[in-house]
Amino acid sequence: MFEYCADPSQLEGFRWLSCYLTTGKHMSLYWSVVTVLTLLAITAPVALAFGFAGASAARSSFFPLRWFGKAYIALVRGVPDIAFFLFFVIALDQAIEYLRHKVLCPDWEEPIRQGNDFVVCQAAKMPLSSAPQWVHESYGFGIAVVTFAIVFGAFAANVLFGAMRAVPRAQLETAEAYGMSQRQTFWRVLVPQMWVFALPGLSNLWMVLIKATPLLFLLGVEDIVYWARELGGSKTPRFTDYPHGDWRMWYFLALLVFYLLFTRFSEVVLDRIMARLTHGQATTGGEAQRKAA
Amino acid sequence: MSCWQTIQDYGLRSLGWGERLLPRDNFTLCDQFTLIGSGMIWNVYFGIFALVSGFFFATLVALGKASPNPWLRKPSEWFIFLFRGSPLFIQFFFGYFFFLTLKSHFAFFSPFTAAWLGALIVLFLNTAAYSGEIFYGALQSIPKGDVEAADAYGLSGWNRFRRVIWPTMLRLAWPAYTNEAIFLFHATTLVFFSGFPAWQQRGDALYYASYFADKTFNPFVPYPILAGYFILLTIIVISVFGLINARLNRHLPQAAKRKIRLRPNLIR
Amino acid sequence: MNTQTPVIQINNLHKAYGALEVLKGVSITAERGHVISLIGSSGSGKSTLLRCCNLLEDSQQGEVIFKGEPVAWKGTGHGRRPADAKQVLRIRTNLSMVFQQFNLWAHMSILQNVMEAPLTVLGRDRAEVEKSARAYLDKVGIGDKCDVYPAQLSGGQQQRAAIARALCMEPEALLFDEPTSALDPELEQEVVKVIKDLAAEGRTMMIVTHDMKLAADVSDTVVFLHQGLIEEQGAPEAVFGAPKSERLRGFLSATQPS
Amino acid sequence: MNTQTPVIQINNLHKAYGALEVLKGVSITAERGHVISLIGSSGSGKSTLLRCCNLLEDSQQGEVIFKGEPVAWKGTGHGRRPADAKQVLRIRTNLSMVFQQFNLWAHMSILQNVMEAPLTVLGRDRAEVEKSARAYLDKVGIGDKCDVYPAQLSGGQQQRAAIARALCMEPEALLFDEPTSALDPELEQEVVKVIKDLAAEGRTMMIVTHDMKLAADVSDTVVFLHQGLIEEQGAPEAVFGAPKSERLRGFLSATQPS
Amino acid sequence: EGKTIRMGTEGAYPPYNYLNDDGKIDGFEIELGNELCKRAELKCEWVTNEWDSIIPNLVSSNYDTIMAGMSITDERDEVIDFTQDYFPPTASAYVAASEGADLESGVVAAQTSTIQAGHIAASGAQLVEFATPEETVAAVRKGEADAVFADKDYLAPLVEASGGELMFVGPDVPLGGGIGMGLRESDTELKAKFDAAITAMKADGTLNTMLKKWFGEETAAY
């Protein structure tokens, strides 16, 4: 990075550190922070949408839809995310390629399953093997987003489902009495009132989601933890200009600080939303707000 | 070898009983089911003990966070923040490191570097923090009339809490808390995956599942088996929590109750 | 509309909560522009009857007929439900209710509470609705409380907001469940005036009340409900002046100044 | 106790919600065994006054004195809070309240609602409490509803449960916020009887009501609250018979049969 | 044919494959792999994948080869194909903090589900498994384990750098076959190309030069 970094073994103290912290590998670490934040920023709304759809489906009066919603919530919620990531991604990838294969290569004779191998025609590969590396990475990233969204969507669905039930009957009844249709009651009364009950659960889910990002490497996305582990492990002089012992401790401390800061930031935002939702409501929270004012 | 024989040999392998060596080739479905099932003993152990002990501590922490007294509030806030704010595997890492350091100074701490105690403590603190926050959130949404009536009747301290606030808090927190319980059981798979060492191949379900995946190079058998076990476990957790939920909500009007009963329990 | 067709007609209605029989065959007819008062002791099923009227509660037997159109049912006994969701909606749109516990929507300001149904259900113009909502709130005397949440109102203010909400729908018929329970005598007089105006406009009303004076003041028919059955009904002069049933006499005796 | 010491005494109480001044210097004295009725239009601050009495609301200025013992405060203005939690408890234990919205504990059956405070606060014997709880529930006429939850009761039944809950504490003083708003005239008479019995036993009561007949029937003193101030107070005969203030005359005129 | 061959590796196993200071993939296998591709006239591209799913991802065609220090074993050979070995059969070794470490019944650390772990499990010693190789060595340093059992080539630089704190103890143990390049069983054509290239490199001595460069003068060669 800096000119004086040419021979790190001659450097000491701050200069050494400045060179060390700006190696290409560290840049990858910093870049992975962006990756993780992007992933969170995309996953959260998508998962919420999945959750909302799941919860609405589970409440639906149309039997197959209700059944589907409930099965989704029950099954996906049942599987530990690690286990899910360990086989689901490959399965998802194969499923996509299988479908593409069926569409794109109708006259392909060879079987798709050859012994252990899963082989589709070149045109069906996702992404094409000739595609540049960034396409592969984006695809992996996209698959990761979908997988995360499916998993956390199930939990979000459960939270929203519970929150919808926590809205007092009388409030919905009144809407019905005024001739609001199911739909209107849902969107005008149930959904707005639900948030106040759902928010604690959703905040919690958000926190869990943030903390689940270290599993990203299982999905082939190199996340901060992957790099911290990689950088922190002891390095012998043969393979690096910056040999050091087991420094995982320090890297993990840095991660800890990163996660804590991010959590703090999230909390501030969520608290604001909560304060807005409880404003003027007949709950302990609303009451405390009033008394504090 | 019959499957029954396999069960006898490996059913309690995760605890160190039965065959010393794991199967090394010709893996049958029975092998996989038995060993992964045997590993579930650890997941259940970690889950139940952390959940039960964490529940009580979480209640205290939630009350602490809601308390006007800064000497109670600040530590509770920090505790929740620290454990909710960091990934579990970092907690495992530092927990293990911390116990290791303690152990080198005081022999008393030797058992703490073993997963059965060390990881349990980390999980306990972790779930206490998450549940504490959930309970705290519920405390904030208790209907004000209920609390006011309690105040007006001179219910105070422990009684006010135990008789009026606590039941309502639990009722409101329950769906989110159910989620947390499930998360906790899922988190137990991290113990050996990235945290504490496994001794003599005595590991949890994920340990054995990845053992098989590694040996057979086929993730589509052992992991779905693991998933199946966990779905089963989750369904049990959900039904137990659902029963408690039904009890917590038993005052809801008849109509609502009838609707609840029509819903199979597993979706809550 | 044929003015001869009653707006609300209830025939031999039966309703039980589980094993508890609350209504045991009640029939009531409310003509257009008429005001019917329901009186009866606490727990006699008055609120339940109102809730059955706009189909918030399912009943087990009997007919509910709105403007000559009987509610279609499916199932029988405890499984009986309205068959046609559209019909239910149509009926409710023409029928506003003031609840005993007010049931204001907690997440909306008072003004929003009042404007909600006209906007979303009737699809009326926002500016116009806001104008009439404010007018109704002024009419019930809480025009200055437009922007606060229900939890910040006194009991009487909440009740008035609930009344304004019902009025703003400008429905054909109104169901009031003890609309003056939290109001002082002055405001009660206001409400009496409002009710009389509404009746003059041709709106039909069913009012549950404990206030015999209110019942006497406003109603065309007074219905005395006792243990799930109509014990006596008639013009207020008849019911209050010369009660026939023993039970009603006992009930009314309590209202005489001691 | 010196019978001369008033049980509840309020001196120059000021209370505002944010910028909204609700009480602007109210003083009331309730002697032992006396019944004070608070009347006034909706939103005039009656409920707020009761809530200040048992310290559910903090007030900004003025004294609350219970049996000669002034409440100790810390802080001033909007930051003023009771200083001594023990004292607050002691006062509340001797002071039961019936809320305008009843505030029954939703997760307890009616019997549990009534038994809760005597058991846990007073630490009385369970069997004995249950006996008296049932007796009080019978007295208000809902002895058969012991085991249901509040949500399954009619409005009037809930209100009676709330009254039974207050009575079962057998407190020195009682605060009633519109205790008959959901009751029919017969039950109202019952409540009047109960209140008179209680007064005869030497219990002090403050009752917020819109029912002038109730106020006239039971009270030793009637207080008319208007816009946060006491406009007039005195014996019911004086207040109702010869109201001095213009405002009160207007208020009362509405109660005359039209 | 314009097809890019995607070469899978782990990137965490120096000196076979690791990430250098620039965060780029580097190591013996990378240099070798690039050379092989050149000789076979293929366009190649490296992909890193974590170890646990490296074979499943190969068989589902997410990349086409594995060069990740993977020993040729019967189990693996059943699922995928290997080229001939490009690294002679390796030895595993014990490293301890003192000469007298008890390898027969003491505590021996190994990485979870490796051949080494399997070997210790079958011996009389008490196996303790850690998720990463890093931790196994750390366990010896901390005294949690008496010795660590791992690939000798992995341990050698660590012992060298430890300044006497760590040392090899006991005899080396030959485990597994040589290291080869993994391919899908259906990819016979590609396998033939790489086999030919390896044979050529063995014949002209370039492979040996490369081995000496990465593993030191005294390493086994062809």
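A, B, C, D and E are the chain letters, set down in written order, and residue numbers restart from 1 in every chain.
Keep in mind that, in the parts below, a residue touches a chain if its C-beta (ideal position, glycine included) is under 8 Å from a C-beta of that chain, and two chains touch if they have at least 3 such contacts.
According to UniProt, the chain labels map to these proteins: A = ABC transporter permease; B = Amino acid ABC transporter permease; C, D = ATP-binding protein.
Just so you know, these numbers come straight off a predicted model, no measurement behind them.
With centres defined by CA atoms only, which chain is the most remote from chain D (ATP-binding protein)?
E
Between B-D and A-B, which chain pair is linked by more C-beta pairs in contact?
Of B-D and A-B, it is A-B that has more C-beta pairs in contact.
Go ahead and note the Å separation of the Cα centroids belonging to chain A (ABC transporter permease) and chain C (ATP-binding protein).
One centre to the other, that is 51 Å.
What is the distance, in whole Å, between the centres of chain A (ABC transporter permease) and chain D (ATP-binding protein), each centre taken as the mean of its C-alpha atoms?
Between these chains, centre-to-centre, one finds 54 Å.
Taking the mean of the C-alpha atoms as each chain's centre, how many Å separate chain B from chain E?
Each chain's C-alpha centroid was found; their separation is 37 Å.
Of all residues in chain D (ATP-binding protein), which are in touch with two or more distinct other chains?
Each of 17, 101, 152 in chain D (ATP-binding protein) touches at least two other chains.
On chain A (ABC transporter permease), where are the residues touching two or more other chains?
Only 86, 90, 116, 196, 248, 282, 286 qualify.
Can you list the chain B residues in contact with two or more other chains?
As it turns out, chain B has residues touching two or more other chains at 143-145, 193, 210, 213, 217-219, 252-254.
Would you tell me which residues of chain A (ABC transporter permease) are touching chain B in their complex?
Interface residues on the chain A (ABC transporter permease) side: 58, 70, 73-75, 77-84, 86-87, 90-91, 116, 155, 158-159, 161-163, 165-166, 169, 196-197, 199-201, 203-205, 207-208, 210-214, 225, 248-249, 252, 255-256, 259-260, 262-264, 267, 274, 278, 282-288.
Inside the complex, what are the residues of chain E that reach chain B?
52-53, 55-56, 59, 75-76, 79-80, 109, 112-113, 117-118, 121-122, 126-131, 135, 139, 142-144
Quick one: which bits of chain A (ABC transporter permease) touch chain C (ATP-binding protein) in the complex? Just the residue numbers, please.
170-171, 173-182, 184, 188-189, 192-193, 196, 277, 279-282, 286
In their shared complex, at which residues does chain B touch chain A (ABC transporter permease)?
Checking each residue of chain B against chain A (ABC transporter permease) gives 81-82, 84-90, 93-94, 97, 130, 133-134, 137-145, 147, 172-176, 178-180, 182-183, 185-187, 189-190, 193, 206, 209-210, 213, 217-220, 223-224, 226-227, 230-235, 238, 252-253, 255-256, 263-264, 266-268.
Using the touch rule from the top, collect the residues of chain D (ATP-binding protein) that touch chain C (ATP-binding protein) in their complex.
17, 39-43, 47-48, 100-101, 141-142, 152-157, 160, 177-178, 181-189, 192, 210, 212-213, 217, 250-252, 254-255, 257-258
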